[in-house]
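Chain IDs A, B, C, D and E follow the sequence of writing; residue 1 opens each chain.
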Amino acid sequence: MELNSSADKSGLPPGSLVHIGEVHDITSKISIIQYNADTLVQHEDVIFSELSQFKDSDLITWINIDGLSDTRVAESIGHEFNIHPLVLEDILSTQQRPKLEEYEDYLYLVLKGISAESDAGFKLQYDQISVLLLEKYVITFKEKADDAFKSIYHRMENPHGRMRKTGSDYLAYALLDAIVDEYFVVGDSLDEIIEPLEDSLLLNPAEEILLTIQQIRRELISMRRSVSPLRELLSTIQRSDNTLLTVETLRYYADIHDHVLRVTDSLESYRERIAIMQDIYLSSISNKMNETMKVLTIYASIFIPLTFIAGVYGMNFDYMPELKWQWAYPVLWGVFISTGIVQLIYLKKKKWL
Amino acid sequence: MELNSSADKSGLPPGSLVHIGEVHDITSKISIIQYNADTLVQHEDVIFSELSQFKDSDLITWINIDGLSDTRVAESIGHEFNIHPLVLEDILSTQQRPKLEEYEDYLYLVLKGISAESDAGFKLQYDQISVLLLEKYVITFKEKADDAFKSIYHRMENPHGRMRKTGSDYLAYALLDAIVDEYFVVGDSLDEIIEPLEDSLLLNPAEEILLTIQQIRRELISMRRSVSPLRELLSTIQRSDNTLLTVETLRYYADIHDHVLRVTDSLESYRERIAIMQDIYLSSISNKMNETMKVLTIYASIFIPLTFIAGVYGMNFDYMPELKWQWAYPVLWGVFISTGIVQLIYLKKKKWL
Amino acid sequence: MELNSSADKSGLPPGSLVHIGEVHDITSKISIIQYNADTLVQHEDVIFSELSQFKDSDLITWINIDGLSDTRVAESIGHEFNIHPLVLEDILSTQQRPKLEEYEDYLYLVLKGISAESDAGFKLQYDQISVLLLEKYVITFKEKADDAFKSIYHRMENPHGRMRKTGSDYLAYALLDAIVDEYFVVGDSLDEIIEPLEDSLLLNPAEEILLTIQQIRRELISMRRSVSPLRELLSTIQRSDNTLLTVETLRYYADIHDHVLRVTDSLESYRERIAIMQDIYLSSISNKMNETMKVLTIYASIFIPLTFIAGVYGMNFDYMPELKWQWAYPVLWGVFISTGIVQLIYLKKKKWL
Amino acid sequence: MELNSSADKSGLPPGSLVHIGEVHDITSKISIIQYNADTLVQHEDVIFSELSQFKDSDLITWINIDGLSDTRVAESIGHEFNIHPLVLEDILSTQQRPKLEEYEDYLYLVLKGISAESDAGFKLQYDQISVLLLEKYVITFKEKADDAFKSIYHRMENPHGRMRKTGSDYLAYALLDAIVDEYFVVGDSLDEIIEPLEDSLLLNPAEEILLTIQQIRRELISMRRSVSPLRELLSTIQRSDNTLLTVETLRYYADIHDHVLRVTDSLESYRERIAIMQDIYLSSISNKMNETMKVLTIYASIFIPLTFIAGVYGMNFDYMPELKWQWAYPVLWGVFISTGIVQLIYLKKKKWL
Amino acid sequence: MELNSSADKSGLPPGSLVHIGEVHDITSKISIIQYNADTLVQHEDVIFSELSQFKDSDLITWINIDGLSDTRVAESIGHEFNIHPLVLEDILSTQQRPKLEEYEDYLYLVLKGISAESDAGFKLQYDQISVLLLEKYVITFKEKADDAFKSIYHRMENPHGRMRKTGSDYLAYALLDAIVDEYFVVGDSLDEIIEPLEDSLLLNPAEEILLTIQQIRRELISMRRSVSPLRELLSTIQRSDNTLLTVETLRYYADIHDHVLRVTDSLESYRERIAIMQDIYLSSISNKMNETMKVLTIYASIFIPLTFIAGVYGMNFDYMPELKWQWAYPVLWGVFISTGIVQLIYLKKKKWL
């Protein structure tokens, strides 16, 4: 049973294991890595019914699940590791707010992997990632089968790396760090979009720029929603006295906290730069209208009086002495030209020309 | 005695039991369910004078009252279960802010059921729901006789469900959860309205769209007013050391808390999307005015000088040498056309055409 | 000595007993009620020098003073009941912020009675009310001789009411409750003004509506200033461990606190509805200007080219072959009409007509 | 060495005694008052080298210094009373934020005396006042030689006043109170400027009003900057357990705290009234432009079609049958007038006339 | 390995020592000062491999590194002084948020040196400065080789200065103070730009002024981002009970805290003054458009009716009795002139002229 929104689940008992959100893949792919300083064993495409085979090992075990469609995977994880049904429910529903929940013998963390789409426009992609941290296990659920953890796999192969020598808490840290590092990549691609926009805004404030600005503003709102709860999450983790986390590793969590603060600072900066762009756009529209009005008024103020005078001498009265006068026509041209020049001088003084 | 607003009650002593708010039904319908893991007894249309019969049972008893017009019901509940007169007063007045009050042997919670009207426009309906949680009783007062608790009745029939095996605190949780789940449904119907609005705004920024936007903004304000106090309410409940609530059930209340945070996050997002739409609307009005001005100025700047020249040669002076010249008329057409072309080139360069 | 503003008192020592604010009455009227469950004695127009006679009674004594002009009243109250000079100074100065001060054997509360003027416009009236709560006395000072406490006098006559059976703390509660109840009446009269405004704004956004909106906004600002400090005041009272307040009565103060939260919520809603109205007004002005511009541009774009053509054939050149041609005139009418129709079609396509 | 800004001091070691700010006077004037309940001795124009003579008296000693140019005064005060060099540095630099610092045997307070300039416009004057409160001494440094403490000198002459009977903490209170009382005077003069502005804005929204509004807004910003830190300062003083302050005097500091809250409330009100005025101004500009556009469009829509028709019959075609027709001219006048009337009716219906 | 942004480091393990940010210099210059009250030894252009020679001295040792390109310097510092790899990573990455981190035997502080570019426009330059405070060492890393610490070198030469007599904590204070003092210099240069802008805005609200305003606004945003975290940093330092900091020196850190509060207050003021300028600019654009519209409407309303009348008597009807009438032409001039005058009076009354 797959549903698209939390609303569709209304009426179900809590802990009902249904996948809520877009379906990105038909199956859920399980991969398992077991390691310590000396050993590294990797298992791909594990079947959910075989999960119990990987328990009771002395190695640190990392179980990663890509794709949430097959709810039986979450169910057997829940059964094997004694996970609370409300946690399993949250793992399967991809509309979570980033949060941390402490249970007796595990921590549950959920956060969003974010990436910017490479093609036209600025559109962010979200990937909900749940992390269960146990004494000797880390279990991760990813909504999509993307490369978010690729660098971790790579670093794990180095037997002298810190990761191989420390516990599950450091692995969980490394995963979070990889996710948050990706936020800087998104920030960079945002920079690459905003800077040329700021320049082209000054040259030619076209309506499409405003729409792009507003699109970025919308994406910033949703990105902030996914990032800013991490601040509280990470300060809670640091204050926690949970035995799953060693003092030494907490230093590393503090480092992620610091990175998240930098990301939220950046998002705030972008928001303010967007506001500045919007203000420039709006005032440039007013300026352009002013220019248009001036052109109209210049033409009107010069030619309307002249046209009136020409109209006067186009009248057909029998008794109009000027019409007979020989120099009337050239004199009138003098009037036309001098009136025009007076107008031009006046407009020049008003700085309209 | 029924009154429409808290103001009408001004001058009455505190604890006066009068119904304040719209009257939705003439009578108040009492239904009672008594259950434990083995038994489930349901009583419909109970008369308020018979309430005392349902006390002193070993079962968990849920008394639900639909409709607040008959103040005698609240009065006898107050008498039977020793409820504070100020609580009874609040139950009957449908203008409460969501809140939690702890009394010696019961908790009083009041919150709002919210639903979106199905017909045209976006208009929310509110249903004030009061919950009294006692050791072995849950008493609920609903302003309206709607289906808010329908799913609870259904789930209760399952003897293996968690609800049948736990106490009154879990029932109260389930009721709150049902109410909060409905907020996601409202959010979904809001999404269905906002998304097409965002699209049609870009195509045709008509004034009606602005009015719809403002109407949604008004509804978001009132919905936020009804939802956001729930955050404090639920964090108070979680920190409470009241013996009415077991540690295990508090996990479930934490889950509702999390859902309320998601709802308030969404409301904030909607508010910001509305602000973006309003900004787009306003700047598109300015752009349209600019367009209109340009059209006017283009016509004026091309034809006003030409009309003046035509006016000049419409003058009736006796001595106007050009009038006699044979090629004057075609030459003047040449002047007309070339002046027009020069103007068009100028406007083209100014990017007005 | 009467002064109009706190500024006029600059230079005087603290505790100088001068009346600051508008003078509403020449004299200060003292009325005294003494009561317990069995007895109720009422004294009108007591002279300030006789105040000591009412001390040393076993009854609860409520001394109410209407009007602050006669500073000797406050002086003798201060002397009889040993009130701090800074408190007396605050009582006489009608520009207080609502606040609570705890002294060794009494509490000093000051807040604002608010009422809406019945005639045209929306204008609030403020009445500063000071409450001194002692062990067996309640002393109230009202800036104006209005009906704020009328309902309390009435309820006091009922020997079975809670008021007659409890202490001075409950009387003080009842007085505060009466004042806060009146805020709901103000809210109702505000509703009666805002709702028709919202409707008429959509039909005809006249400038007077904006001025009314801004007037309401101004009044909301000053009302919020008088109401919102009550939140802190009432939560301080509830957390207080002062022996003047019984635990049972604190429940009642909590009820007022709740009412004040509802009032401040409402004020916030009104503020937001006012902001919505202002946004609608401003965008409707822009829309109207757009309409005006369109009408102008339609006339100009249709007739300006035609007038030019007519002007051409009004020229007096000797050699203009078309003038001789027999069908020239009807053909030109054809040109006029078809040019006009082309324009109309173009405008229709641009949705200007 | 005198410098104009904190920036000029960049590079100097901390505690360098240089005067930073405008120089208002060439010399620094020292006056000393020594008093107790029985005695009052006043010394004017004391020389800084004689300061040690006034120590070791049983009287309370108040040393006031007007003008900061002569840095030797601060230096000898620092030497005599063992004041921290950072405090002396702050005293001499007139760009302090109001603040309180507790040292082992003295308190250092710095705040701003504020006065409104009497001449045209609204321009505030600031006077930095430093207060050192010791066991038996109060030392005050004033940037300018104004009357800020005049009322204190006057009240001190009264041997029965509270000031003469209490310690240095009460004197410091009285000085602060005098400074804060002056804020109400500024508020009053602001009221006298804002109220006529609000009226004239409705009658004639001239551009100068906007500039005055913005000038007031600027002054409010700087006044708030000088006043609002006093709130924290005064609540810190009240919570302090410093033995320099008696419990009885703290009541008086609480009174100033209350006054400061009223001042900041007022400043906030003014800010909001200014915002309302600005909104009214902006919408009135839009309304005026609308009016102008309407006048133009009315003239254009009435006369442009008529002028076209007149142009048609001004054409010189040989075959225009209407020109021969005897009643053509009066009939055309009928067309002119009726077309004009139809336009007027249309405009009337559109409420443009 | 040098990278430009935190994003480029995504995928690397934590503690990877790579320089992130612009490269300002090819080498990293190490200078070392060792001092106590009696001795002062200075070493320029030390090579990183010789660093260990300067350990185990009784003197206070200040190691300053200008330029971050050579990551081996940070590496050997880390090795010699046992600095956490995450700290070294932060030192080399120039996109830090100002922060303080306490480690077992050292403090790590990072903040931004800010300077205003001297040439046209208002553009701030940032220099990330890291400070490691150990028992007897202060190690500073500067992104750029600027003069930020020049005044410190100078003051150090004075053997009687406080710096020579106190520990490493006072040196760290002096460095921070020098950085923060520079913020006042930036503030002054901002004042010098904003004040003439405010004046020229009133005289001639050109579009370039708006762009300058928005540029300043952007710079204020980024400066606030670099300054405001210092408030928390400095209040944390003051509350710290770290033995590296003596009570006496903490007074000095409190002084910097106070200076930072003044800087952030100023930034807030500038932000508000910028907002005022923007509001004046926008309303002046509207006013100018109003003026333009009025000029157009004046010309149109005067001449359009007159031109119509002239057009009427330019018609060629055979029967137009007025054309024969001898006084028709002068009478019509009378009509022209009087209509014009009536219009002028009307416009005068409307205050358009």
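Criterion: contacts are C-beta pairs under 8 Å (C-beta built on N, C-alpha and C of every residue); 3 or more make two chains touch, one makes a residue touch a chain.
Not measured: the values here are computed from a predicted model.
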{"item": "Any chain in contact with subunit B as well as subunit C", "value": "none"}
{"item": "Chain-contact steps, minimal, separating subunit D from subunit A", "value": "2"}
{"item": "Interface composition of copies subunit D and subunit E: same or different, split at half", "value": "different"}
{"item": "Cα superposition angle of subunit B on its copy subunit D, in degrees to the nearest 5", "value": "145"}
{"item": "Chain centre separation in whole Å, for subunit E relative to subunit B (CA means)", "value": "42"}
{"item": "Distance from the mean Cα position of subunit D to that of subunit C, given in whole angstrom", "value": "26"}
{"item": "Junction residues of subunit A, two or more chains touched", "value": "286, 289, 293, 296, 300, 304, 307, 311, 314-316, 320"}
{"item": "Chain contact topology (line, ring, star, complete or other)", "value": "ring"}
{"item": "Cyclic chain order when read starting with subunit D and heading to subunit E", "value": "D, E, A, B, C"}
{"item": "Touch list for subunit C against partner subunit B, complex", "value": "150-151, 154-155, 161-163, 174, 177-178, 181-182, 184-185, 187-188, 202, 251-252, 254-255, 258-259, 261-262, 265, 268-269, 272-273, 276, 279-280, 283-284, 286-287, 289-290, 293-294, 296-297, 300-301, 304-305, 307-308, 311-312, 314-320, 352"}
{"item": "Contact set on subunit D toward subunit E in their complex", "value": "5-7, 9-15, 84, 86, 90, 95-97, 99, 101, 207, 210-211, 214, 217-218, 221-222, 225, 278, 281-282, 285-286, 288-289, 292-293, 295-296, 299-300, 303-304, 306-307, 310-311, 313-316, 320, 322-324, 326-329, 332, 336"}
